[in-house]
Amino acid sequence: MLIHIINPNTTQRMTDAIAAAARAIASPGTTIIATQPDMGPASIEGYYDEAYAVPGMLARIAATKADAHVIACFDDTGLDAARCVTSAPVLGIGEAAFHAASMVAGKFSVITTLGRSIPAIEHNLTRFGLASRCARVRACEIAVLALDDPASDASTRISAEIAAALAEDRAEAIVLGCAGMAALAARLSAQHGVPVVDGVAAAVAFAEGLVRLGLKTSKIGGYAPPLPKTYTGSFAAFAPT
Amino acid sequence: MLIHIINPNTTQRMTDAIAAAARAIASPGTTIIATQPDMGPASIEGYYDEAYAVPGMLARIAATKADAHVIACFDDTGLDAARCVTSAPVLGIGEAAFHAASMVAGKFSVITTLGRSIPAIEHNLTRFGLASRCARVRACEIAVLALDDPASDASTRISAEIAAALAEDRAEAIVLGCAGMAALAARLSAQHGVPVVDGVAAAVAFAEGLVRLGLKTSKIGGYAPPLPKTYTGSFAAFAPT
Amino acid sequence: MLIHIINPNTTQRMTDAIAAAARAIASPGTTIIATQPDMGPASIEGYYDEAYAVPGMLARIAATKADAHVIACFDDTGLDAARCVTSAPVLGIGEAAFHAASMVAGKFSVITTLGRSIPAIEHNLTRFGLASRCARVRACEIAVLALDDPASDASTRISAEIAAALAEDRAEAIVLGCAGMAALAARLSAQHGVPVVDGVAAAVAFAEGLVRLGLKTSKIGGYAPPLPKTYTGSFAAFAPT
Amino acid sequence: MLIHIINPNTTQRMTDAIAAAARAIASPGTTIIATQPDMGPASIEGYYDEAYAVPGMLARIAATKADAHVIACFDDTGLDAARCVTSAPVLGIGEAAFHAASMVAGKFSVITTLGRSIPAIEHNLTRFGLASRCARVRACEIAVLALDDPASDASTRISAEIAAALAEDRAEAIVLGCAGMAALAARLSAQHGVPVVDGVAAAVAFAEGLVRLGLKTSKIGGYAPPLPKTYTGSFAAFAPT
Amino acid sequence: MLIHIINPNTTQRMTDAIAAAARAIASPGTTIIATQPDMGPASIEGYYDEAYAVPGMLARIAATKADAHVIACFDDTGLDAARCVTSAPVLGIGEAAFHAASMVAGKFSVITTLGRSIPAIEHNLTRFGLASRCARVRACEIAVLALDDPASDASTRISAEIAAALAEDRAEAIVLGCAGMAALAARLSAQHGVPVVDGVAAAVAFAEGLVRLGLKTSKIGGYAPPLPKTYTGSFAAFAPT
Amino acid sequence: MLIHIINPNTTQRMTDAIAAAARAIASPGTTIIATQPDMGPASIEGYYDEAYAVPGMLARIAATKADAHVIACFDDTGLDAARCVTSAPVLGIGEAAFHAASMVAGKFSVITTLGRSIPAIEHNLTRFGLASRCARVRACEIAVLALDDPASDASTRISAEIAAALAEDRAEAIVLGCAGMAALAARLSAQHGVPVVDGVAAAVAFAEGLVRLGLKTSKIGGYAPPLPKTYTGSFAAFAPT
């Protein structure tokens, strides 16, 4: 089985870390291909970055033959559009993490990077239908690219938010709200005694499951293939045919 | 990996069929144990049957060492109580099917057996948080134990409900609402050109995923282990210790 | 008029206290029969206890001829199944308390015993439809059977939670979330100057009302009588006929 | 016990019919006083009529010493304001009927008079929190004052809507959406084999219950007594003091 | 274009202030007529005052020929009834403020006068559909007629609530919850660096927009004209014809 | 006042029609600038087209000095990202139409072009909070660029959907779900006797209102300006600075 995981930002170091996290969870028979777009932002922090991450990401997905695709940004950037360009299953890591947490706990809280990302995550929870399972979306106020900087004190601040979530939100599980936090999940889970879900791992595991189930993205309704039409200017090459 | 799938009713023929469906989807390294309770109803059709299915089912789960448990009744009978007796993940087949359908389609409709089961399924959808993803719960009005009776015309009637769901509900995927419909999923999907989700297969695939992820049921909050106390009468042996 | 109130746990002292609370509110022409199951847990604190309380409770309800039945556990344990075995009205004390509080206040908060019971109560509120009327479910963290232990300091801790509910939740009324708190309602109401609702009393009063109205549980849909079928093992005698 | 039932319109014949319906359900020890406002519309069909029904209704409630008050218009006209002028419980007949139907059925449909009243009833259902319990609000398109006109064919048309509600809405109970339909409930229930709830009877029965429970309207928050202030013009006499 | 703004209370000084606020925002070609009812409360603080404000207000609206009407009480007193008496658009200032805040921010908090008004505002938010956009309704606990009293310290207390809303509610904009706060909006916006919406101005601006769009209140459904009928007593003159 | 209206697709004929519709509604003192992106799809029909419409649209908005911006695609393509690049108000035509319809009717139905667009519109309604005001989203199944083709029979099919919405959905107003339907609104409103809202006109009118109110997009939270960072490849020039 071939799973394509795309880091929608263009930071190679992050793509490598995501690939490593994906391979660590993948089943023996699964091959992971990790890519990043040709063009776009070095990290995704807000709606504007999302908008410029999507075109390159969609091109990569369209060009990559795989049994399933994983979008490795917690905002689930471009998820709906990606489902239009392939009949293979496509999972976002935020979406996958919400589903996983819902299977092992009544309520979960999310710890994301910056407060500015909270509204987008709340929108996704509402659309996915799982908002009622989320006690609260919290931010540790550390920038995405600083997460792996030892000077950022990221682990300590995320841990403090987890403690607050358990005490104040009555959360029964924690979802880590950024692909860059993948390496911390196991330790934080042990430390706090609750399930701590990393979306990269969750998405790979569920993508394998969907492939084994033979389920493909529905092609009637919202995820129907794009209609053939003219695209102009520098996007001409992306026109659906 | 060892996955325990329990058929909460006491019909051996259905347990065997569920085991076969589970083994058909399981990964090479996964062993499936299929059980049924010592006591309880021959099929589950409504709240009363559910009530008498749960005690024997919980005893089986408590007595069965496994990496994950699957409850193979679409009503997700006793799911919350089962999560209290083990730290291994426990999935209901209804729950798993709703999550799977939500990953490959915007909206799905459910086709269950009898109309009397619709309210319980709607309650579950609301509690899981996925009610907004379900366009409608429909019934084909065939009893559970008649599903595999060639005289029941089950396949034709389920297919007619699927056609109605696509035309009237704008459903983009279909969830089959009974463990006894597992064998029909592939053919109905091919026939209607949409994803058709069988909960038994979905639950096994996602249970494998949760085990690989190392996620366990949260033990703070609603799924904390039962407190030690006296149980009286014929239930004395079930008392938590 | 004959009202059957069942304490779903097997602690005689609690059954007696519930009977006394029910008789204190009953109209002159009403006879109260109070029972408890033959088998099951000594108190109900979480989903597992609920599962083993229900079979004995349903048997008692089926065997007791009455104009209405009241389930005297705040989790409304087995309410749906109970409605299937009788056409007489069946009320849970949690349900009744939520309705009563909604009639005298815009918003109410609930004070229950242990935090582990909060999710089950929140589920019930959502299903009954009254979640939007509940500002918050709070726990005083006193075990059910310790409520009437003078050493438990129960009254003081419940009172402190009420004060917090009025100040922080903008609650306009309070619902006491355990049958074992019935004796405290009047004093706490006087002390805090707001309606404090005890579910046992509320359920008896509303059950009388439903009987006088001639309303019976609907027998179409989810509360249809159980279908005749075989039950096996030690539950054979409970099979619907 | 003294229960004051106010018909918010000024049609004496309807007040008399409401009084009769109330007395028919009241317990032996209960006295019913039935009144109507000094001023206002002959029937209430829409928001404008409601606005002119309320001032006279509030004056009657303020002037009538009673243990509980019932507002006998299905739109629950002026219910919030009425709760501000008395600490006795106040119930609307729509509200009471929704609660009663929720106690004997999973879902109910409402049959009201004119389609123009549907939005107001839907608003009330949402505010009370019981919208999720209502399958649909239907109209039989018969004017309020024509309900008891033999030429109106009211009973036949209401019966047809009930049949449609059972078949199309999966309703398990019916709520009659006008005080003027009270006399029809028993026959329609027998005819269709489902609970049919009349709000006048339901409100009297629940009002008796609230009085027996000693519950009074909360005086903190939205139902606090009006603040003393000047009212001008022809409303000067209504100023709170 | 002629816009009629009605202050539903009878305090001339407040009508004058509202008129000034409306004229300050109106376009060059717009004429503002500001009125107040002949009868009713000097200020509106709770449901009772609302009930006695509406009859005089409706009469003024019916008697005033205008291209649009604005109801200048933040509770949107009598809004539905007002829409029945005219085909011109009618906007409430609460409603208009909620819509405006929703256009420039993801979430807003409301700062109203007294805590007793919070439930009515929350009801309106739910009915309008915008409750999910409101983070919280807060009260500064200053009476309406004290807002322009220099001794009331109103501005300081409102500012403190805004600071709390930004810090605790994650509000991105603020809605001032009383017509009497109109003069403070600009300064508070500058001080806190977020949009601060005054409902009087918002309603005038949107009313102009609706008139220019040629949109009129729908006359099918809930806002159909009142049916001709008899009104009795001192309200006879208000009978629809 | 300067209002920039951007047609997010690259079809000049549609940009011209949108400009004409905008100018027809604009106030005397308002100047309309109408633009279209340099690159992207000729029409927007689904999520994929949206993804390639946004980058060019954002660049135009960032480069165009205006008092307010209007996004003239009914899917409100890129609305959140657009609000990050300017402090001027930004309105989508779908959003504006939903708000307008909510001001003149209790419930509205939407008539869009293709069924594949329904899910995106439903997502927007949910996010804006106005889903409860929308009775149903319907499709006339005419492609965007065929709307102004006389051979398409567009007007007849839209009219038929309106008739169905009034009869089946109890809609009190209609929203036309595509910028290309702007020219039809007045005639359809006259024909059906209900408000018919065109989003282009509504957005221009409300944008003027927001400018006059001095309201600007909140810059705390989700709409904060993009953080300065590197963008790579062909998107380097779009990097926030």
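Chains: A, B, C, D, E and F, in written order; residue numbering restarts at 1 for each.
Operating definition for what follows: a contact is a pair of C-beta atoms (placed from the backbone, for glycine too) under 8 Å apart; a residue touches a chain by one contact, two chains touch by 3 or more.
Because the structure is predicted, anything quoted here is derived from the model rather than measured.
S.K.: Figure out the least number of contact steps between chain C and chain F, where 1 means they touch directly.
M.R.: The distance in steps between these two chains is 2.
S.K.: Is it true that over half of the residue numbers where chain D touches chain E are used by both copies, so same, or is it different?
M.R.: same
S.K.: Among all other chains, pick the one whose mean CA position is farthest from the mean CA position of chain A.
M.R.: So the farthest one, by centre of C-alpha atoms, is D.
S.K.: What's the rotation angle, in degrees and to the nearest 5, for a C-alpha fit of chain B onto chain E?
M.R.: With C-alpha atoms aligned, the rotation comes to 180 degrees.
S.K.: On a C-alpha centroid basis, what's the spacing between chain E and chain F, in Å?
M.R.: 28
S.K.: Please work out the Cα centroid separation of chain B and chain F, and write it as a whole number of Å.
M.R.: 43
S.K.: Residue numbers in chain B touching 2 or more other chains?
M.R.: In chain B, 106-107, 115, 118-119, 126, 132, 170, 221-223 touch at least two other chains.
S.K.: Pairwise, which chains touch?
M.R.: A-B, A-C, A-E, A-F, B-C, B-D, B-F, C-D, C-E, D-E, D-F, E-F
S.K.: Looking at the complex, which residues from chain F come into contact with chain D?
M.R.: 106-107, 132, 170
S.K.: Can you check the complex and tell me which residues of chain A touch chain F?
M.R.: Chain A reaches chain F through residues 10, 37-43, 45-52, 54-56, 58, 78, 80-81, 83-85, 115-116, 118-120, 123, 126-127, 143, 221-224, 226-227, 229-236, 238-240.
S.K.: Can you list the chain C residues touching chain D in their complex?
M.R.: Chain C residues touching chain D: 25, 27-29, 89, 91, 95, 99-100, 102-107, 128-133, 166, 170, 172-173, 186, 193-195, 197, 201-202, 205-206, 208-210, 212-223.
S.K.: How about chain A: which of its residues touch chain E in the complex?
M.R.: Residues 115, 118-119, 126.
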